[in-house]
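Each in structure tokens, the structures are laid out below.
Across the two complexes that follow, chain A remains constant while its partner is chain B and subsequently chain C.
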Partner chain A sequence: MYFGLTVTIRAIAIFLLLLTILWLDTGTAQPRIAVIVHPDSSFTDLSQKQVVDIYMGRLLSLPNNHIPLPLDQQGGSPLREHFYETLTEKPLAQINAYWARLMFSGRATPPRMLPDSFSVLQAVSQNRDAIGYVEEDKVTAAVRVLFYIE
Partner chain B sequence: MKTITTLFAACGLLAASIGQAEWNIDLSDEARLRVSGFGTLGLATSDQSHNALTRDIADQEGISSSSLPLSTDSRLGMQIDAIINPQWSATVQAVLKDRPAQTIEESLQWAFISYRPNANWQLRAGRVGLDMGLVSDQRNIGYSYLWVRPPIEFYGRLPLFHFNGGDVTYSFDLDEVSLSIKAFAGEASPFYPSTPNYNIQISPLWGGNVNVRWQDWHAQLSYVGTRLQSNHPGLRELQTGIEQLGEAGFYPDATSLSGRYTLRGTHNHFLSAGISYEGDPWRAQVEFGRLFHGNGFIADVYMAYASVGYRIGSITPFVGYSTLWSANGRPEAVNPLPDPTLQAAAERPFAESYSNQETMSVGGRWDFYNNLALKLQYDLVHVRNSDGIGLWRTDQDSIPQPREFSNMFSATLDFVF
Partner chain C sequence: MQNKAVHSLKTRSSMLVFFGMLLLSALIVLGVYKLTFDDAEHDARQQVAELVDAMEYSAAIALYAGDSQIADDVVRGVVRGSFVASVRLANDSGLDVKRNKYPDYPTPPLITRSLQSPFDSLETIGILEVALYPPEIRRRAATSAKKMAVALGSIVLFPTLLFWLIISRMISKPLLKLSNQLSTIVPGSEQRLSLPVSRHRDELSTLKGDINALLAASAASMRKERNLRLHIEALERQYEAIFTQASTGIALLDREGRCLIANPAVSDLFDDWHDQVQSVFSLLANWETSLFSEPEQFRCLLTQALNSNNVPQSLDLRLQRRTEDPQDWVHLLVSCHPDPEHTVVAECLFIDVSDRKKQEDEARFQSHHDALTQLLNRRGLEARLNLTYAARDNDNVILLLLDLDRFKQINDQWGHLAGDKVLIEIAKRMKTLVRGIDLLARLGGDEFLICIHRQSSEQAVHQFLIRLIDSLSQTVDLGDTRSDYVGASVGVAQYPRDGNDLVELLHKADAALYEVKHNGRNGYCIYCDGKLAPVILERT
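Here is the complex of A and B:
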């Protein structure tokens, strides 16, 4: 097989075309995100940095020896994207690549993903070690809000 | 070929559709099985027809205009994690790719049990990944890095991916800095490229590394040592030939010369140092390595690379430079063997491992969908001395003779699910 020059040029042209399409990124207003725990949780004073470290697999247990159980939202959801982009200041693709590296090299397992905010609320309300995040307007009395992310 | 393409297309679509969630099988309140996978559909070609540049020395085809363009970079992996509780888990990973021996045993990348008694310690036992450089145990996971493949000049001479044994990691924080120290030991028996049915016995294999992480920075120092327990069949033939010459009275130093050509009992050492910065929008990585072979007939090498990427929207263009050069000259001359075929065979291991080349790369990674990335890369490969061909393969009956410069084009579709 030989890549002729025309094929190469055509491939580059298609690549550049796709690149320009991507530039038309859409920016939609995001709702505030509530980071939530169980009402009787022992992690009521977690800082934003600690929450980032828990979600990135860098903080495995807290000073009181409790092991936090972070729960994630569905893979490509705007909520998840907004959560990571705000907390880590990195695009979601980079977070996915980071976890692919840790998970497939067998070093750590990423936070468990749940299909929607309802499942996250339910899981957090039933587990004292769980941490989750949902849209501000979905928060119920069954969970406690640690803080909000703009 | 068609089947493979269909298989990959199916996996890509599968990745696109199910990457949104994840596959979990709940076993109890705490325990679950997590099924995940990754893959790369990769096309690569170059303007060299009879001489192919290999991704690493275990790569069967290599990249040339006449090799199968899909063979070098394509791979498909599946992983099952059994998460029993926060302390105990088990992981099994299988990877399908072009390799010297297509056996289930070789396809099994990892199969280990992990135990974390607390946040500081992790112990793994079974078949684990060999951690000897910033990307060594993620080389199959194209989605996890920027380039189409790990820099050939650096990782090309390191074909070992895993070993049977275990590792211990101790991690702790000093203010903002995280440190982790890992030690490992075990044994391995990888198949030797281009020698059917021959696997090198490595026992023991040992090493360790120190990692320092601060914000988006990561620095690593690592070491791996190996002792080889078997000789290569080609070298055994050479030994027999030399001994026969000696017995026939044609070569007085036959015993001492024959004794040199063995891998058995020799030690190899690999040292590396690397720093990466994984910020946004900038990303950069530098690594330096030194590989010592404890025999006089395989060339030792120095290797290094650097790469920088800058994200613009969902596209990250990057540039890279990697280089590999042999540390030692030719082995000291011995009286030429009276048989020219044997003399050629005696010179061949050094000639075939002597490496001296550099590559300049430019490319881009486009994260066009949640868990799919498309990458394009152009490499200008410069073989510095006409005999620095250690990473090349040829379909001719001679040692590889690549041109001084070659152009390589690659495209990959990388996915995780």
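Here is the complex of A and C:
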């Protein structure tokens, strides 16, 4: 009896601990992602879908004949993973496989990767056709936020 | 042999089973064939759909990215499917990749799949169009149906063979064996079918048992019948023996007197008339004319028998013979049946009575004749002399009453044997002097009577008397070199002049005779109205 009670209490304690960890994780670990463009960019009203098409190599030019230049974060960073998963609702592995297949036919190339958010901010602020994404809290006045990804 | 095999039970039943199974399996094959065909397009569509499923993601990528290279890969992959005639992958942005394996086939059924964006399932980005190739579908269906038909056929064949074997082993062979056994069994013999040793009785052994029972029953029946037949045959032989060996003639006649059957005794009666006998057992028509000397008597008898209801009629009938002597007689007994429908109406019995008739004739002869001289005696004379006939014919009859002279002396001198010799000699001499129609009688002792018919004149009577007395008075040889003589005295009376009956006439003649004896013997006297004038003759 004594032993059984101890086990039960211990199990309940572990369960409560796990719940707490999960709550902390969902609430704090995923900051919003801001999709950014040059402040004088011509495509200020891009939808989320258009952004996906640009990043996945489908939308190569826009109706105003501007060719968008999507910029990607470093491969393997949690930000990048979060960006694609939220935007396309696909795991990153599938996105990689998608690019691998398209690259094999040699007609399309994936967005250029930059080492960190700073480089992205810098690149976007210097190119009128560039599109990038950074953490919400790293956005500067040198770029314009198109929208936030939850 | 070929025919026998075709018609054997096992072959026929096996054929029935085979054809029944064949029909069934043909129906099944047809059904399966149809189902296979009906399902074939569905199956093909499913197969193609699966193929498309497998390629869908790649196709979506190709359309999404507008990559014609990948699109071409996809189209090439899909078109490789067996049932696929052509494949087309197209989007609105001008990508349109198409491959056609059978460009000649018109209006194929299509499978069209609209493809969604890989990153947005709500957005349709193009279509994948697959055309099916029905000939290939049909070919596949036919192949599988054929395989099924072959399988079913072998399934049919095996039970048929099995059935044939079972029928052959369980029914046909035992039946043939039974048939062979039956064919060797002689009806009525003690042979029986062999029954199986085991107590387990099936239909066949029951049948065998029944057949054995039938054989036993028929054998018993045949034995019984054979015994009965033997008995009847024995009886028939006895009857036949009676019929054929009887000394009494038996004949069956119809209403007209025609002979239906006669036994040998009847045939024997014909004696000299064997040509009249058709065979031993039957006679020719009008046989009675040949057999009887007076056939009308027989016909009369038959008529009487037919008319007298079932009362036998009998008569003695004289048989017709070429010679008069001896006379053959039969006693005929005819009895008729009352049944008019019956062909045999009369039974005739022929009893030979010739000997009896002969004896009767002899007895009659003896009673009417004198044993010594064979002349008529007094009774014979009375029977033969029929004055009534003579009177009717207006005939004269002359009676000569004759008495021998010296007969007593001869008897006394030479003995009675010599006297008998004299009497015999006298009778012989008288016979030579009279005609056949005249009567000669010895009335007793040495007294004789001669009756002469139609002696015309008185003169002739006198001459006859003289000749008679002269002849009788001649010497008589007595044997042993002895001889003697007698004289004759004759009294004559004449009918109807001297009397109307024999007694009266004899009385008159006796009176005349007395006159002769009284006047010296060896003479004659004719009685004429009481006037007696004896004539005495000298012995020459």
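Quick note on the criterion: the second predicted complex is superposed on the first by the 122 of 150 C-alpha atoms of A that agree within 3 Å, B and C clash if a C-alpha of one lies under 4 Å from a C-alpha of the other, contacts with A are read in each partner's own complex, and residues count from 1 in each chain.
In the analysis below, contacts are C-beta pairs under 8 Å (C-beta built on N, C-alpha and C of every residue); 3 or more make two chains touch, one makes a residue touch a chain.
Since the model is a prediction, treat every value here as computed from it, not as a measurement.
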item: Which superposed partner A:Gly75 touches (first chain B, second chain C, both, neither); value: first
item: Touched partner set for A:Pro115, first chain B, second chain C, both or neither; value: first
item: Dominant contact partner of chain A by residue count, chain C or chain B; value: B
item: Partner chain(s) touched by A:Ser105 [first = chain B, second = chain C, both, neither]; value: both
item: First, second, both or neither for A:Arg32, with chain B first and chain C second; value: neither
item: Which superposed partner A:Ile67 touches (first chain B, second chain C, both, neither); value: first
item: Which superposed partner A:Arg58 touches (first chain B, second chain C, both, neither); value: both
item: Partner chain(s) touched by A:Lys90 [first = chain B, second = chain C, both, neither]; value: both
item: Touching both chain C and chain B, counted on chain A across the two superposed complexes; value: 58, 89-90, 98, 101, 105-107
item: Residue ranges of chain A in contact with chain C within the complex; value: 49, 52, 56-58, 88-90, 98, 101-102, 105-108
item: Residues of chain A defined as touching chain B within the complex; value: 1-3, 8, 11-12, 15, 18-19, 22-23, 25, 58-61, 67, 69, 74-77, 89-94, 96-98, 100-101, 103-107, 109, 112-113, 115
item: Contacting residues of chain B [partner chain A, same complex]; value: 19-22, 24, 32, 34, 36, 38, 45, 47, 65-66, 69, 77, 79, 81, 83, 86, 89, 91, 93, 110, 112, 114, 116, 118-119, 122, 124, 128-129, 131, 137-138, 140-141, 143-145, 178, 278-280, 311, 313-315, 364, 366-371, 373, 376, 409, 411, 416
item: In the complex with chain A, residue positions of chain C that touch it; value: 58, 61, 64-67, 69-70, 118-120, 123
